[in-house]
Each structure stands twice: as structure tokens, then as C-alpha cells.
Amino acid sequence: MPELVQEVAPRELTMAQAINEALAEEMRRDPSVFIIGEDVAEAGTPFKVLKGLVEEFGPERVIDSPISEAGITGLGVGAAMTGLRPVVDLMFGDFVTLAMDQMVNQAAKIHYMSGGKLKAPMVIRTTLGATRRSAAQHSQSLHAWFSHVPGLKVALPATPYDAKGLLKTAIRDDNPVVFFEDKLMYQKKGPVPAEEYTLPFGVADVKREGSDITLVATSSMVYVALEAAELLARDGLSAEVVDLRTTFPLDKETLIESAKKTGRALVIDEGYERYGVTAELASVIAEGAFYHLDAPVKRMGAMDVPIPFSPVLEDLTVATSAGVAAAAKALCGRA
Amino acid sequence: MPELVQEVAPRELTMAQAINEALAEEMRRDPSVFIIGEDVAEAGTPFKVLKGLVEEFGPERVIDSPISEAGITGLGVGAAMTGLRPVVDLMFGDFVTLAMDQMVNQAAKIHYMSGGKLKAPMVIRTTLGATRRSAAQHSQSLHAWFSHVPGLKVALPATPYDAKGLLKTAIRDDNPVVFFEDKLMYQKKGPVPAEEYTLPFGVADVKREGSDITLVATSSMVYVALEAAELLARDGLSAEVVDLRTTFPLDKETLIESAKKTGRALVIDEGYERYGVTAELASVIAEGAFYHLDAPVKRMGAMDVPIPFSPVLEDLTVATSAGVAAAAKALCGRA
Amino acid sequence: MADSEVKLSVADAAGLTEVGLEQWLHMYEQMARIRAFEEQVNQLYLSAKMPGLAHLYIGQEAVAVGVCEALTRNDYITSTHRGHGHCIAKGASTDRMFAELLGRAAGYCRGKGGSMHIADQETGNLGANAIVGGSAGIATGAAFTSKRLGEGRVAVCFFGEGALGQGLLYEVMNMASLWKLPVLYVCENNLYNEYTRYEETTAGTLGGRAQAFNMHAERVNGQDIRQVYTAANRLVGRARGGNGPAFLQCDTYRFMGHHVGDIDRTYYRTKDEERTWREERDPLPLLKTWLLGQGQADQSMIDQIEREIRDEIAAAVQFALDAPYPDAHEVTQHVYA
Amino acid sequence: MADSEVKLSVADAAGLTEVGLEQWLHMYEQMARIRAFEEQVNQLYLSAKMPGLAHLYIGQEAVAVGVCEALTRNDYITSTHRGHGHCIAKGASTDRMFAELLGRAAGYCRGKGGSMHIADQETGNLGANAIVGGSAGIATGAAFTSKRLGEGRVAVCFFGEGALGQGLLYEVMNMASLWKLPVLYVCENNLYNEYTRYEETTAGTLGGRAQAFNMHAERVNGQDIRQVYTAANRLVGRARGGNGPAFLQCDTYRFMGHHVGDIDRTYYRTKDEERTWREERDPLPLLKTWLLGQGQADQSMIDQIEREIRDEIAAAVQFALDAPYPDAHEVTQHVYA
């Protein structure tokens, strides 16, 4: 989080406002930026994140599309290759399934396949996160897939500050960036300076310092980790919380150094655990901090089940602060 | 590999023949099995794997489709839900990008979403593997994606024997199974008994026993590992080669026990390394064999680049036996 | 006709399939059941008793009921995020539906599916689908099975006009037409894709999309169940007889929001428009008026139906509210068959 | 006309766009260049000098050349797995193309793309694509850029009739029509999707697929470059003038196999059929005969063109064979811009 040297109370924005502001600023700065997606204009998306943008930038730059995820992504690739900077809105992260060819076979590869001559500078904004009672096709966190694909970058901010800074970076990046927003965090508030700033990709953020165990977390799970750290503090355990911010580029160094320091690491992510983001992070730490680890690296992804509708079941599928704290305690030999 | 107690020389089939035979046997056994895909009938696919099937089973059960990967997969899901057992042919593994919604949001979830009432018993046969000079959109090994998804099973056989046994199991399985065949192994020969057999999912196969290091490999990389084991043997190192056979269900026990025994493990896969199958395998081993490992688990996936056309570049992207042997030696402190 | 000119001439019954009073009353009852169910769902939402959201079918009842009335229990349907109406019309019972919407173990999917994934194998409902257009392949595949096994079943694929934005529809319509599969694509044009007017997202006509594949296409006033039923009956019979798929556009309107939380709608459609549809094109009064006007039915029959449904819905929702949640261990059940 | 009735009446020049001799000869030259290039590619394959496979354009030359002749260098094209013809027609040079096919650093994509991914930004070629239909979004997006920036450029999307199996085509044709994007969808109907006759995979007509989106569609004899050019010229002008996209079906035939390795083809098409097309519908002799018959050109002009091309191709392939492979370090270059 930013170290605010001002004396005045920092400006607070919700995550939705921060994202909106990032888009508005970039659209003002660069006329080649435009937004395309379903119900993005007057409706401002079902999450209301884009509210007001069509009024400022007009329907030529904030475009309501047919319900054609592959089509709008493909159109975005072509527009990006010819000089524009599209921000394609895929309402729910689950709908990326419809646009995979355009994202993975087209956007991600064109720079390489053309020997560096063409490029596709575009952002695909989408969502992740469960516990919204939206059931199996509207709740997934599929960022592991894109993290796997050379040519793509993947950001998943946890705070309004990070969201704004990373989204501005994403828009300016010359590569396709998949930008994951947690649906349930849109109303979360946090300090966001009024001045212009961007945040670099590939730099994890230590959201809390600690010495006994490292909790590596992404997106929504950063809060779970921070709460778990509070719980652990009550038990006299000092947890360091590292927010990844981008799964690729991956800040291996920060992860490994933190794990070396604490000797223990637990990685937490809202994607399915199996073959998911936690696997990469755990194996990077296990390899990089091998000689410093006092316990195996532990992973906590979402349960490997399609996400159930019933609240009593759904809540079981995602890591909780109590669960993380318990696992961390066990790792520290305090079970 | 099967322990053949017969005295006669075992029957040898190519991988293509073994797959063809598995399909023919299952189609004879069960009239609900049918094949749909592009150029699967008279052409028998561009790889000629399905040769002769349309002649035996007719165009009603071996169906040439339009070039509609999403459509045929979706049709397959519906057919599976209503009593048939489709085998959907997606010619190149790269084309799964077009069918992800049907595979991941529909087929994989219907059993769970319906509370166990509906099911989608189907096989999606597709390919993986590079070094065929087919460039970035015809060379990927994307099995990590499906391994990540609850509700799917994923098989990737390395020998004709395994291919036949696993494919028959896949067809009989009541769940959607994604079945990956290495394009370059179709002509590889191996013993396949004439008698009926099936192979269980979730059982890794120790293709070679050893004591100094465990090489875990999948599909094409099993041969790379076996060759590397030969090279290592010349240097007095005894490598155990474990062929995963299915990434899910995952035979954690065999991996972990082998790593515990040898104290060292190297995992090799043809998918992109980053956030790929090697990450899961490495972290499972690192966690499960933590107190027995003498060195960090090392991963060798494909290079994290879109697959280049030029042979001189393409060959650099995939693990080779020499590379594996060198890495294994280094792990054993013999660099 | 222009897309918004959906008028109903109650007097004109020419060309309608003749059915007995009992069947008309059954259709009325089914529409009333959907209406009452959905009003109750809205109440559950407003009183914070229902988890998540739901997309109400109010206003569109004549489509689901008119089409399903032309089907047998054995026939298949696939449905959408706005699927309660299809589910009821195909024969599901409202108690287990409410239980599903409330995430209870007694629900059709043991609470695991919820509003957007209700399925009921017993009545041939292969499931609602939260992916717009996502069930088009499934319906086509079900028709494929029927044809392959010679079962004589027909599959109906319900979808909103917005689903024609999805490429999948075209892929499967091509195959259905090529292979003469017994499938009926029922496009419910309620004029909006969420919060966007469909003309803004739709070039050409809706039916033209099917005709391009040499598929027979028809268009009816979706508020007049007599027309819907007549057309569906003919097209289902056609499909069952081996004459291939068809596309049926039903012009309709959702009276409520896109989902229960969509309260302020004036930024995308006028109150006037809503009023016109509600007051002049409500499928229930339209059928009732016709039945009464014809002297076929009398008011007491209608009253009785409505009374019974009120009681049924009250009992059904109570059943659901009292029903237990699934056990925690169920979370890992049914991932694999 | 029936799909296979592609006849050419050499005498009939009514309605053709009038162009000067020089331009006709340029078109002939471009077709001859493609033909010679592809024959050389086949040789490279047969002599095992080319890695992988290639899909030859022989027989279809009039389509790429006729269409690209109606474009300026600034206009965009997207291409397919069968893309050499488009690339040459848009102005690429054959030496760097051979180099690409041989995986050399001097290739248009430094050897990283190969036959199926040749792109040449300089001539507006946004790339061949190995995903059937995969470039339809890209072409539409390029047209979007042109319109948004008021550049007046037109984008041409080349694809085979098999690509109409892909849902993406429909998604983007809808948007192109809605937003009047300056894009021309050129469907090359060569009668086969790989090894399957297109009628087996195609319900209805090809052009009807575009008309469903209210898009203007035309159909021409793709072996007669005069017709292709005339139609393309008109449709490109129309698009450039802000009158929206169009669909142009060109009936054509690939004389060789699906790819260089597809030698025995009798199981999917007859030798007779191949002979008829080769002998009666070869676009090069057809144009030549017409030019000579008209007295516009004489044989020596044609001979000179062919001689020059023979020399050019020989030099170009030699250039490529002599060119170095990319350095090993290039393997990790260009993953990110």
C-alpha cells in the first residue's frame, strides 16, 4: 500500500470507483483507448463499474455489444493490431471460456508469430470470485489458465489503490493483459491518491510484515490472509502477508525472500486448488527457499468442486481467515 | 507395462492402431458409442487414426461434422446427457480453445449442478505435442487447463498399451474425459495383448525402477525420461521413471513414495512450464515427501514461449533426454 | 410486422389448433402457476429470504406454456437463466423448485444448482443454463440421441433473442438442419438483452438467422398462447415426423426487471412501454377474456384455478422455507458420477 | 447457379470494370507469381527441404489477385492456412516468403511463423491464421479501427467455405453489419473442407449466412479474375464510402491436395473432377486467352512475364535456402512486446 506522506486524510475510493477512474484517466490521455462489452454503456455493466463513462466519452468509445464474447474479443485483437487500445469487458470470469481462442491463440501469440512485427495491446477486464450465490457458471476464478499462457500478462488487484495503478499500467502495456476483478470487492474502500500514478507489473506487495510465516495471497484472498494474520497475532504468531498483484509477471524474488526469512509459507488463492495458481507459487517457493523451509509449503485454493449454489455449501469452498489461521498455526507446529 | 506371461512374442501395435482398436471394441460392445469430428469418417482424421471405422460402423456412428468445435462438443454433451456415449474428436489440441465453454461450464458441471441427477459420459479426444513444425497454433499441450477443472478427468497415455486400456476406460467412464494423444507418437509401436483389458485411471505406472532420482513424466516426455535414464545409467545413476498416465485422478501416492525412496525428483511435461502440470506435480511431491528430499524438486515443462515454427528454435522449447539427464545429474550433485 | 407491434386480436381464432376446454384451462392454470411462483420469488428476494438473484419470467408465460403444451413428458427441453417458467411448464412441482431456489436439499438439484441451473430429469428438463446460448448444443445433442435411437422425442431449446449473439447457435443450427434433427429452437424475443435494446445488438431479423441454414422459421405473437400453442404443435409434429428442425420466434416482454434487483429501469425502457405491455398484452387476461367471451369457460372455473394455485404456492414456499439445507459433506458429492 | 456449375464464358465481358492492359497484365503476373511460388513450395516439400506442411493455393489465384487488385497498400487483409496467395497478391516479396517457409531469420516473421502465420505489416497483411475462421475477428477489428480513426482503409477477410462452420464468423458479421464497418468477407468456396465435400457440412447457401445479418452478398466465378476484380472493386468502394460490409463468395477449386502431403485424393474427389477444373477452369489460361483474343495483349508479353517470374522464383528460393536460421537466443524474443 502507498506510503502517504500527506498529513490530510487520504482520499478513499471504492474498488469500482478506482477502476472507473483509471479508465477515465486513460481514455482522456489516449484517444485510442475504447471500451467494448455487453451493457457497458448506459448500464455501466451490471456491477455499475463503468458508470458515467459513456456520458463522457460517447457511444463511439464505450460500446454496447451483442452477447458475443468471442466476437468482441476478436474484434479487440484486430483493433489492437491496427492502432487502438481496446478494453474488452467480459462480464463474468466464467465467460472467458467463450473467448479462449481469441485470447490464447490470437492475441497472445501474434507478436511472437510475426517475429515481433505485430502486437496486440489490449486489456481484457473480467471478474473472479465466489460466495456471491451465483452458482457454478458465474463464480469461477480462472486466472490460472491465462497465467499458463506465454504472451499474456495477468493482474488481479486486491485494493482500490492497486486496481487503479495496475489497470493504468495494463492499458499502457503493449501486450494483452487479462485483468481480474473480484466481484465482491467492488464496494470495498481504500485510499487512492488524487495524483496520477501507475504501478509496475511483477512487483508483489508486502501488505503486512511478519517473521513467523509467509502468507502469499491473491485478490480477495489478501483480505482473508490479513484477517488470518490478525488472528495469528493474537496467538503470538507474526505472519507476513504478500499480495502477488500479478500472477505473470511473477515476482518470484519477493516470495522466495519472504519464505526464506520466515521459514514457512502458505499460499492462498480463490481458483480451484488442483493445477491452479497455488501449485505454481508453492513450487516456486519450495524450490527457491528449499534450504530455508522448516515445513512444507501449504496450499489453500478453492475446493476442487464446481461452485455450489446453496450458501451453506458455497461458503465451504473458499478459504476463510479462520481456516488459514488454523493451517498457519499447524505449519508453525502450534496445531 | 503389462507383465506378459505368454511365451510367444507379444503382439505389437502402433499407438494409432491401439486407439483405433479401443474405439472399435467399445463401439462393438456398446451401440451407444459414436464418434463425431471433422474428417473422421472416410479420411479417418488427418492422422489416419480412425481408419476403417466408418466402414465398420457406418456414417451414423462415425460422423463427419462441419468445422464447429464448440458445436460438436455441445452436441456431444447433449447426446451424453440423454443416453449416448460420444467420442468427440478435436483434431488439434489447440482447438480446445473453441470448445472450452462446452467442456468446462457444461460437461464438467452438469452432474454436480443437477445434484447428481444428470451426467455427461463423453470422451473428448484431442492431441498435444510440439516439434512437428506446425507452429504456434497447432503444437500446444494444454492439458493443464483441464486438469484444473473439477468434473473433468484427463488422460495422456505414453504407450500403445496404455492408450488402448485408458481409452476403453475413458469411454466407459460416466464423466467427461479429455484424452490427449501425442501427434508424434501415433506411429510408435509397443506390445498390446489381443485379449480385452482396461486400465484404471489414477494409477501411475513405474516404467523403470531406480533408486537415485525419480523422473516423473507424461505422454511424450516418458520417452525423454526413459532415454535420460539410460544416459544416467551410463554415469552410474539409477533413475526411476514414473509415467503419470492421468493428471486427474492423480496418483499422488506413487509419486510421493517414489520421491521418498530416491530423495530427488524431476518432473517433465510438454505443456508450458509456468502454471502448468509440472507445478502441481512438483508441489505435491515437495509437500508429500518434504522430510525425505535431498534437493528441491525440479521442473521441466516446455519453454514459456509460443511455439516457433523454425525447427532450430522449436527444438529448443521441449525437454530433451540430454537436458533431462543433465538436470538430473545436477540434482544428484554430479553437475 | 414491426417487432414491437405485437397486437392481439382476441376475436380472431382462425387457423388455431382446436383443443378442448379442459386443455385451455390447463394452459391457463400453468400460466397462473408460473405467475404466482414468480411473484413469490420476488417476495422472497425483497424479504431477503432468497440467496442471490433470480430472473423472473412474468409476462412471458404464454411462450413456455404454449410450447410445452405441445410436448409430451418424454420430450426434452433446455432452458435459460430465465428458466422457472420453462421448468413449471414442463411439469416440475413448485415446492421442490422453491426448495432449489432457497438452496435446500429437497430442491431439484439438492440446492446445488439454484435458480439458474434447475433441471428435472423426470420431466425431460435438461436444465437451465447461466451461459447465454449455452444450452443450444445440449438441446441439439438431445435431438441427436432421439433420432439416433429412434425414440421419437423432440427437444426444445428455449433462448432469449440475445442468445443469437452467440456463435454456438449458428454452429448447431447448421448441424440440426443438415441432419434433420428433431429440435425446435424457440427464440423468446422480449426486446432486451439485459439492459440493452435488442435492435442495438441485432442486424437483420431473428428468424433470418435460422433461414440461412435452410431451416423452417415462424414467428408468432408470444402473448397469445393460442398462437404459440398452434405453431409449436405444428412444428413439434413436424420434427417428430422426421421433417427436421424449426425456429419459432415468439414476440414477448418481461414485465419485471432483468432480475429481481433491477428496480430502476427507466434508463433503458420507458414506464409507458411497460404499462402498455402489462395492460394490453398480458397473456393471462388475454386467454381468460377469450375463454369467457366464447362462453367456453365461466368465471368460477378461473377463480377456482387461481384459488388452488394460491394455496399451492403458499404451501410450496412454506415447504421450502422449512426444508433443511444440504449437509456439509454434500459439497464434495456429485463432482464425479 | 448450382455450386459446381462454375462456367466461364470468355467472350462475355459485359458489366466488367474497365481497366487498362497494364493492369490486366499486372493481375496476370501476380497470378503467375503465385502459381510459380506454390509449385516451388511443392518441390521443396517433395525434396524434403521444407519443414512441416503447406497448403497450396494453386487454382484459386484469381480470387486473391482479383480482390487485392481492388485494394491499396494501406488496406488490410487477413488470411488463412492457405495463405501464400493472399500474401503475394497483397504485395509481399517471394524471397522473404520462401525464407519464412524454410524457417530462416530473413523470413517475414524471422522464421517464427512459418507457412500458416505469414504476416507482413508493410503491405497490410495482418497474418495468415491456422485456426479456421480465426482471423474473422481480426479483420473486423481492423475495419473498426479504420472507421473509428476515419482512415478510409478497408479490411478484407479471406476464408474458405469451411470457416462458415465457426460461430465466430456470425458474431462478427453481425457487428460489422450493425456498425457498418468497412470490411469485405471473401469466402473462397473450393468445395472441400479438408477431405470432406462442403455440401455435407453446409446447410443452406453460403451467401445466405451473410444476408441473415442484413449484409450485402454477391457471388462470382472465382476462376474468372475479371469477375472477381469487378465485384471486389465495387464492394471495396462501397465499404470505403461508408456503406458497410459485404460478403463475396468466389467459387473456386484447389487443384492440388489439401496440403502438400495430400497425394492420394481419390477417396474424396474424382480425378475427373480435378481434370475438369484444371483443364477448363484454370484462371491463368482463361485470362490469357481473353487478353490474346481481344488483341489487347500478344504472346510475347505473356512470355516475358513468365520468364521474369521463373527467374525471380529461382532467385528467391535460392535466397531462402542460403539464408541463415535464426539465432538460438531468438527463441525467447518477441514473447512480449
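Each chain gets a letter, A, B, C and D, in the order it is written, and its residues are counted from 1.
The criterion applied here is as follows: a contact is a pair of C-beta atoms (placed from the backbone, for glycine too) under 8 Å apart; a residue touches a chain by one contact, two chains touch by 3 or more.
Just so we're clear, the structure is a prediction, and the values are computed from it rather than from any experiment.
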Distance-maximising chain from chain B - centres being C-alpha averages: C
Rounded Å distance, chain C centre to chain D centre (Cα mean): 46
Inter-centroid spacing, chain D versus chain A (mean Cα positions, whole Å): 42
Chain B and chain D, separation of their C-alpha mean positions in angstrom: 37
Where chain A and chain B are represented by their mean Cα positions, the distance between them in whole Å: 31
Shared-contact residues (touching 2 or more other chains) in chain D: 109-113, 117, 129, 131, 134, 165-168, 171, 174-175, 178, 200-202, 335
Where chain B touches two or more other chains, by residue: 65-66, 68, 70-71, 94-95, 97-98, 101, 105, 112-113, 135-137, 150-151, 304-306, 308
Chain contact topology (line, ring, star, complete or other): complete
Sites on chain A touched by chain C in the complex: 38-39, 41-43, 46, 64-68, 70-71, 94-95, 97-98, 132-138, 303-306, 308-313, 316-317
Chain C partner contacts - residues on chain D that touch it in the complex: 165-171, 173-175, 177-178, 200-205, 208-209, 211-215
Interface residues, chain B side, partner chain C - complex: 34, 60, 65-66, 68, 70-84, 86, 101-102, 105-106, 110-119, 121, 150-151, 153, 174-175
Residues of chain D touching chain B in the complex: 51-53, 103-104, 109-117, 129-134, 162-167, 193-196, 200-202, 267-268, 325-326, 328, 330-332, 335
Complex contacts: residues of chain A adjacent to chain B: 94-98, 100-101, 103-105, 108-109, 112-113, 135-137, 144-145, 147-151, 247-248, 250, 271-272, 274-280, 282-283, 286-288, 290, 293, 295-299, 304-306, 308
